[in-house]
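In order of appearance the chains are A, B, C, D and E, and numbering begins at 1 in each one.
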Amino acid sequence: MSDELLRVNQLNVRFPVMSRGLLRRQTSDFHAVKDLSFHLNRGETLGIVGESGSGKTSLVRALIRAIKPSSGSAVFNSSQGQVDLCQLSDKQLVPLRTQMQMIFQDPFASLNPRMKVGEIIAEPLAIHAPASRAEHRGRVIEMLGRVGLEASAIQRFPHAFSGGQRQRIGIARALIMQPALVVCDEAVSALDVSVQAQVLNLLADLQAELGLTYIFVSHDLNVVRHFCERALVMYRGEVVEEGAVDDLFDRPQHNYTRLLLSAIPSIDPDVRLAPLSRASLGLPIE
Amino acid sequence: GTTAAEIDPASWPAAWHQPMATASELGLTHFQQAPMLAEQVAAGTLPPLQQRLPTDPVVLQPINNIGQYGGTARIFRSDWDKLNNLEGPLTVDPSAAKILPNVIERWEYSDNNQVLTLHIREGLKWSDGSAVTAADFIFYHQHVTLNTELNPITAPQWVGSQITAIDDLSFRYEFPQPFPLLINIMAQIGDYMLAPSAFMQQFHPAFVDRTQLLASIYAQGYVSWMSYFNAILFWTRNSQPLAPTLRPYQMVERTPIAEYYSRNPYYWKVDPEGNQLPYIDKIRAEVIDNADVMAAKASTGQVDFAAFEMKTQDFPLFKLGEKTAGIKVLVWHRIHGSDVIIMPNLTIDDSRLRTLFRDRRFRRALSVAINRDEMNSVIYFGRGTPRQATVIPTSRFYAQEFAQAFAQYDPAQANSWLDEMGLIDVDGDGLRNFADGEALTITLEYIDFETPKNISLELVVSYWRAVGIDLRLKEVDQALQYNRATGNLMQMTAWHADRSTDILFPWQPQWYVPMHIGWEEAHWNSWSIYYLSGGARGEQPPAEIIQLQDWWQELTRSAEPARVTELGRNILRSSAENVWTIGTVGLAPQPVIVSGRLHNVPAQGYWGWDNRWTMAYHPATWYLTQ
Amino acid sequence: MSQEQILSINNLTVEFGSELGTQTALHGISFVMQRGRTTAIVGESGSGKSVTAYSTLRLIEAPGRITAGEILFRPTGLPVFDILALRPDSDALYNLRGNQIAMIFQEPMTALSPVHTIGNQVMEAILTHRPVGKAEAFMQATDMLRRVGINNAAERMHQYPFEFSGGMRQRVVIAMALVCQPELLICDEPTTALDVTIQAEILALIRDLKDEFNSSVLFITHDLGVVAQIADDVVVMHQGRILESGSVRQVLKSPLHPYTRGLLGAMPGLPGLQPRRHDKARRLATVNDSQGTTDFGQHPLISLNDGRRVALPQAKIDEALKP
Amino acid sequence: MSGFILRRLLAMIPTLLIISVIVFILIQLPPGDIISATLASLQQQGMEVSTEQIAALRAQYNLDDPMVVQYLRWITHFVQGDLGYSIKYQQPVNTLIWDRLGYTVLIAVASLLFTWALAIPIGIYSAVRQYGFGDYFFTVVGLLGLAIPNFMLALILMYCGYSWFGVSVGGLFSPELAEAPWSSAKFMDLLKHIWIPMIVIGTAGTASIMRVMRANLLDELSKPYVVTARAKGVRPLKLIMKYPVRIAINPFISTIGWLLPTLISGEAIVSIVLNLPTTGPLLLQALLSQDMYLAGSFIMLLSILTVLGMLLSDILLAALDPRIRYE
Amino acid sequence: MSSPQLLQDVSSARLTWLRFKRHRLALASGIFLVVIYLTAGFCEFFAVYEPNSRNPRAIYAPPQQVHFIDPVEGFQLRPFVYGYHLTINPDTWVREYTEDHSQKFPLQFFAPGEAYQFWNLFGASRHFVTVPDTGYLHLFGTDKLGRDIFSRVLYGARISLSLGLLGVALTIVLGVLIGGLAGYLGGMVDNVIQRTIEVLQSIPTLPLWMALSAALPPHWSPLGVYFGIIVILSFIQWTGLARVVRGRFLALREEDFVVAARLLGAGRLRIIFRHLLPSFMSHIITTATLAIPGMILAETALSFLGVGLRAPIVSWGVLLQQAQNFQVIILTPWLLIPGVFVVLVVIAFNLLGDGMRDAADPYGGSNSA
């Protein structure tokens, strides 16, 4: 597809490893994301799967510039034209923040417990679109309606909501500026299945409605298969496999992908779980 | 109780008022020593008593009983020299009026009072057994007093002086002008007149190789040979060697907790039965910095003698100890003309304050604004004497009107004088302002030391506030007191008016004549400096002050008793009229705490610097029972 | 209570007090566990799964309180007794814990004390319950570690938890629980915190060990996939009540209760049990969607002929049973 | 482990250097100087002093050198173990300081142990019986210890000690034994005296430790591994001692170092009231009289003690907590 | 585990209050402190006399007893006190006071008494309680100069209590500013601040305070000294707070909601003031509450050592300075009354702080300092 929103090239993320003691010097670094390249089209949903610690979070956080990647480029087709997210300073990023947003894993931790829901959702407006409070209020209530919450919610604090409801608040906040790109880092992992289903439905509806592009990180392969068109499989900081989900799931190429797939417990009690062993796949054991 | 300014001389043995008798005069031929020493003699570590005593030992009359030997007296460090009293060339009588022989047996002044010839008692020995000779005086004079390393500036009285030996035991001082008061000095601070020369020469670069001396001194952590020399001579260091002494006790050890003294086996005084003094074997002087802890310990009978740091206000506590801890609380009298004197700085740089302070009405007003009777009752249980700073009643210079001048409480009079001066409260805050409307505040800096200054001054603050004078108190540290007093920086300070006896008044009338610079006084420093520097520095005083200085000059040189008295009174009268300093209450009771086992301490005595506290009451005759 | 039943929970009610009032976590639930089988409790977060497990070992602490009910336990060859009737400091209770019933907790990262060696913690169970010396306990513990698949077990005994990976730690926790060969093993979400691949290994391990020791297992999870893989019987809980119970096939393949159906429908990858092709247009069914409510009333459990129980009015059951 | 200790030791050096600079500045701050104080005390004895003498004395003690030079001289000597010369006491600081420092450490350690002996069981008790009567009772008692100004408590205990048990007022020993060589009698005598400072200083710290202990324990008690152990059938007492207490103790160990300054401060006050032969009274004197080498060396040594205490607590902590050791 | 249903409609402030109320002792302490702060604030009115006015008839006089029953008139509604009869015991030198039944002073409430300047703003003479001009009222006895301890305790409260508050305010400003800087900026700044804190904390506090107070210029006015002491006391105390603040900043910086704000494009100031500070405000307030008693005690300690506040300023420390010896316990124990107030206030602040700590932060982790 020609309508490319993001192109990532040779992206690397390293974390400094500090020595203890007086001077706390950096002694080495931990290479969390290694030479990663991929592209993302407008309106698409890209899944990222992989085992814990494989670098999924690091990757998306680098993309959205929550952390600074150590090298590589991520060219973003913003409304102002092409920009390389990796090159911009924090200041230069500020206007771009309206065009890319993130939905967090933990619906409890990602909302400031001391702010009212109305303030939380209006915060992007307050930052980027100075306008009267009444105007903001209108948009906030509209957004609340979209994510299926009552207008009265704006007066309440996050603790008065259930996990699923909070995740909706988080989504409302992320979407109120109508971003082009939304990153969901395990956005539904902490939720119960039925709530998870609600949120996934909601995300799908919003995508259809607003033409959003998602990067969807999850360790639940069923969810990824359900929700995404394409997926990357990450293993130890690298992409070991990439492709359309059905290809990926039906015809895994890489041993690690096979291992992952074999470990999914089937919902059918008659289909016995028979995980492949790492050793037999030539993968190192923990 | 007595508020007696005077103690009946009969309360002390008659012998104490006379030059001390000697064994031969009393026909004493047999002498005994403490069991502790007898052991050492038997062991051969000490020569027999006969060889240690002087040819004709001095006999001291105990006030009550012949004592018994032994024991360790427990005291506080600040009282060490109260038990181990100074043995100077001369000494004073219990009334602090007369000068008596001591180490020096006889002395003669030349007719012009410029030459003083002295004769040392025969056979006197230092505590190491070496003989006391004229060389010990000469060493001190030539190598300590006149040594510019030890004493960079020679004190005025010693400038141009000479000392010459006549024979082993006789010598003489010669001065360019008459110096009849030298014997006063020899009686009061005789510790700065002689030293065991043979011993001390080891530590003096005039007698040993300086580089070697310094090497060993630096190795021990001292910064100069002078500090080392002084430490040995004045026992301010903690380890051997310590200079031998003539005092009843020799220091043996000094730790951060306590000092230890042991009897001087060569002590040269005996009791009327021929027992070598002192009676008490040892002294343990505990080092305590906190006066409250001392009071607590003294009141609970944990020391045998305590006085120096005992406060008049604590009498009830001590008295309680009489019941519960079996101590005795003796009421001595301080020989301070005034326990607290307040000194407005007449030479302060601030010209407005100076004008104010120099106005006699102002000083008089401040004085009559003080309710001395109330102070006497609040602080002294009514047992002091409200008075101005002047000599004590036993002095030949005393006159009642000097003590009573402007000492009556009369706030109305104070107000009228202050009004008359134009010090009006213009802003209605109850405090007077300068005539131009500026706020008038006076800061008084002081250290709370020896006498009840703090509480007295707090009262003064409230008295003065009642007549509209804003006085602010500031307790300062000793170092600061020194700096600021000598630097002419204080607006006002306070001290206790000692030097009020005939021993010291004629020689150091510092409260009445600007002739001295020290940390005590701050009321006319610039004038004192002018005087001491011969006009080179300081500020020229007005005529009436020069008159004071002239009178005093003449007093120090005059040999004629009537003239001396007249000059002294002139000085004191001027003080009474001018109120140079403001006195409060004098002749105050001094608690002297004696444990149940310490005996022969006089029930009454004069307490002060002038007579070195206990020197005249012969602590060597005090003894302990078990 | 028959010989085949190892545990029978009757009318268990648990309440939690707070400054805002009392909250009932369990509303008088009842179910039985068959000896030698694995019973799974499923239900969304907060439905009372853990509280049930904790109650079984009398681990509920203030502000929680067991206000009613009985938990009958029948160890092999011993008379049946009510766990809730035991005195709090009785020997029987301490013997119960760890010896007759053992428990594996959710978080392998925190279920082990960070400052004690693995050996110390595994041996503790033996030393608490068996009259053996340290050497013997060490042997047994090492042996058990080996059986849960830890290499170099003897060496590993001296190491600390932080030197172990997550999966290894969970193995240690399992070893700790099994070392006294309890008759009943309670697993409270033992794999939730683990990666799928490791989860698969652990599930296989628990299954094998259960067979080997012939234990009964009470397995708590909210993952229906896991239930399908490990359980023989299933209890579905919702807000402190049991909505449905039965064999794993009954419950997962032909659920009666709308809530259970809702849960299954919400799982991506269902129905059809085959992984489904990507289809954006399809929405996941949710309990809410299908029922329009999450409130399932307070119907009593009705036992059916085939052994299952459902909390629905009889009419609804009949309706649901119609093909 | 030894590498760990070595690293920590090295890290101490710059800290101590900075402390030394601060200390040096501090002791230079007050107006006036020791020479004036010395002269004042000479005058107190009746000696006369002149301006020239002052200048000579200042020169003797190198007081007119630039600050930096004075500092460098002080610190180089200090490092070589020469703590300077106390002008007030006319003695090398070395001879004044060590005994007192020893007693300070003794009292501080005794107080620390007393605090722990009191606070830890009570903390455990109040955690286990949270919001029970005992919890409140001990909280208030502990707070009382904290709230009564040290000097007041010391005075009151001193009075009680004297009037009830006839213990000599003030000091660490009875006078007879103060300088005697160590013997069992002297030790007993010490015990008879040390309880007052121990209680006074100890109770001041009890409240906070009690509270921390209680909070830590409450935290720990709900930790999964404690529940795990309970589920294993471990008996309550053993359980509490083995797990939560064991872990709740760690924060204490790590606070030894931070407690020392507090203990030393408490010690100073109590020692001044009770006239104990420790650093407190001497330090106060030194500060007031501007005896800068004495004061400086004291503060410096106390700071070194503190830093060492922190090191010690780090080492202990590392010994107790494998996570740290292996880092 | 939280219980969403119940929490639904409870505001956070209300929840905090509910939790706080459960601590009866904390609640009582809070009330006590409010009362004593009010009394201190209006001490001119509540005191019977000015702190420095003296009654020469009553030197070291014990507290007067308030009577309701008169031997002649029997019970009467208006309480009264008797005057003192003083004798100085010639044996013990003790001032012995007995009640002089010929002098009876009825207590008058809200009546005119000694004139005063309220806050130096306006003159007034009404007092909460007083006695007629001819009499005197010494509910807590008098000191060495015959000053009324009751009045002095109240005036002292103003100084001591405000010193605690101001000191802690300064501590908070310094602690939050410096700690926040370290935590937010990190890197070199953080390193330097961390080391500085370590260094400052390694110097034993009391000697440090002593040294600093000894360095206060002697020509400073009492008010200057007062502020000097505040600065000195805060000089060490901020380090503890700064460490905590820094730690919290570092932890919070990584919290999802802060990251979220950053990703929304929020600037530093917004993040600090909208997100970070409110998150540990309750913690800071609690810490502050617990630090105030430390300040008050430190002031008494400095006064005890003679390097603290000084007359004519009246603080509890200054009052206790008079009570620092053995004889007080034996002879004039009422001089220890200011100490009782110190104890009460210190305990009250601690209990209050405890209660606040337990109540505060119902959602965030309220890990202890």
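Everything below uses one rule, namely that contacts are C-beta pairs under 8 Å (C-beta built on N, C-alpha and C of every residue); 3 or more make two chains touch, one makes a residue touch a chain.
In this text the structure is predicted, and so the values were computed from the model without any measurement.
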Contacts common to chain A and chain D (chain labels): C, E
Innermost chain, taking as reference the mean of every protein Cα atom displayed: D
For the pair chain A and chain B, the C-alpha centroid-to-centroid distance in angstrom is 90
Where the centres are mean C-alpha positions, what is the separation of chain C from chain E, in Å? 55
Calculate how many whole Å lie between the centre of chain A and the centre of chain C, each centre taken as the average of the chain's C-alpha atoms. 32
Taking each chain's centre as the mean of its CA atoms, chain B sits from chain D at a distance in Å of 40
Going by the contact rule already set, what residues in chain E reach two or more other chains? 7, 10, 214, 218, 306, 324-326, 330
Which positions in chain A are in touch with at least two other chains? none
Can you list the chain C residues in contact with two or more other chains? none
Can you check the complex and tell me which residues of chain A touch chain E? 24, 64, 66, 93-95, 97-98, 101-102, 104-106, 109-115, 123-124, 127-128, 157, 159-162, 170, 173
Interfacial residue positions of chain C with respect to chain E in the complex: 16, 18-21, 23, 46
Per the touch rule above, chain C residues touching chain D in the complex are 57, 59, 61, 89, 94-99, 102-103, 105-107, 110-116, 121, 124-125, 128-129, 160, 162-163, 173, 176
Write out the stretch or stretches of chain D touching chain B in their complex. 30-34, 36-37, 39-41, 43-44, 46-53, 55-56, 60-61, 82, 85, 89-92, 94-96, 99-100, 158, 162, 168-171, 175, 178-179, 272-275, 277, 281-282, 284-285, 288-290
Quick check on the complex: what are the chain B residues that touch chain E? 1, 292-293, 295-296, 299, 313-317, 319-320, 374, 377-378, 381-382, 443, 445, 455, 458-459, 461-462, 472-477, 480
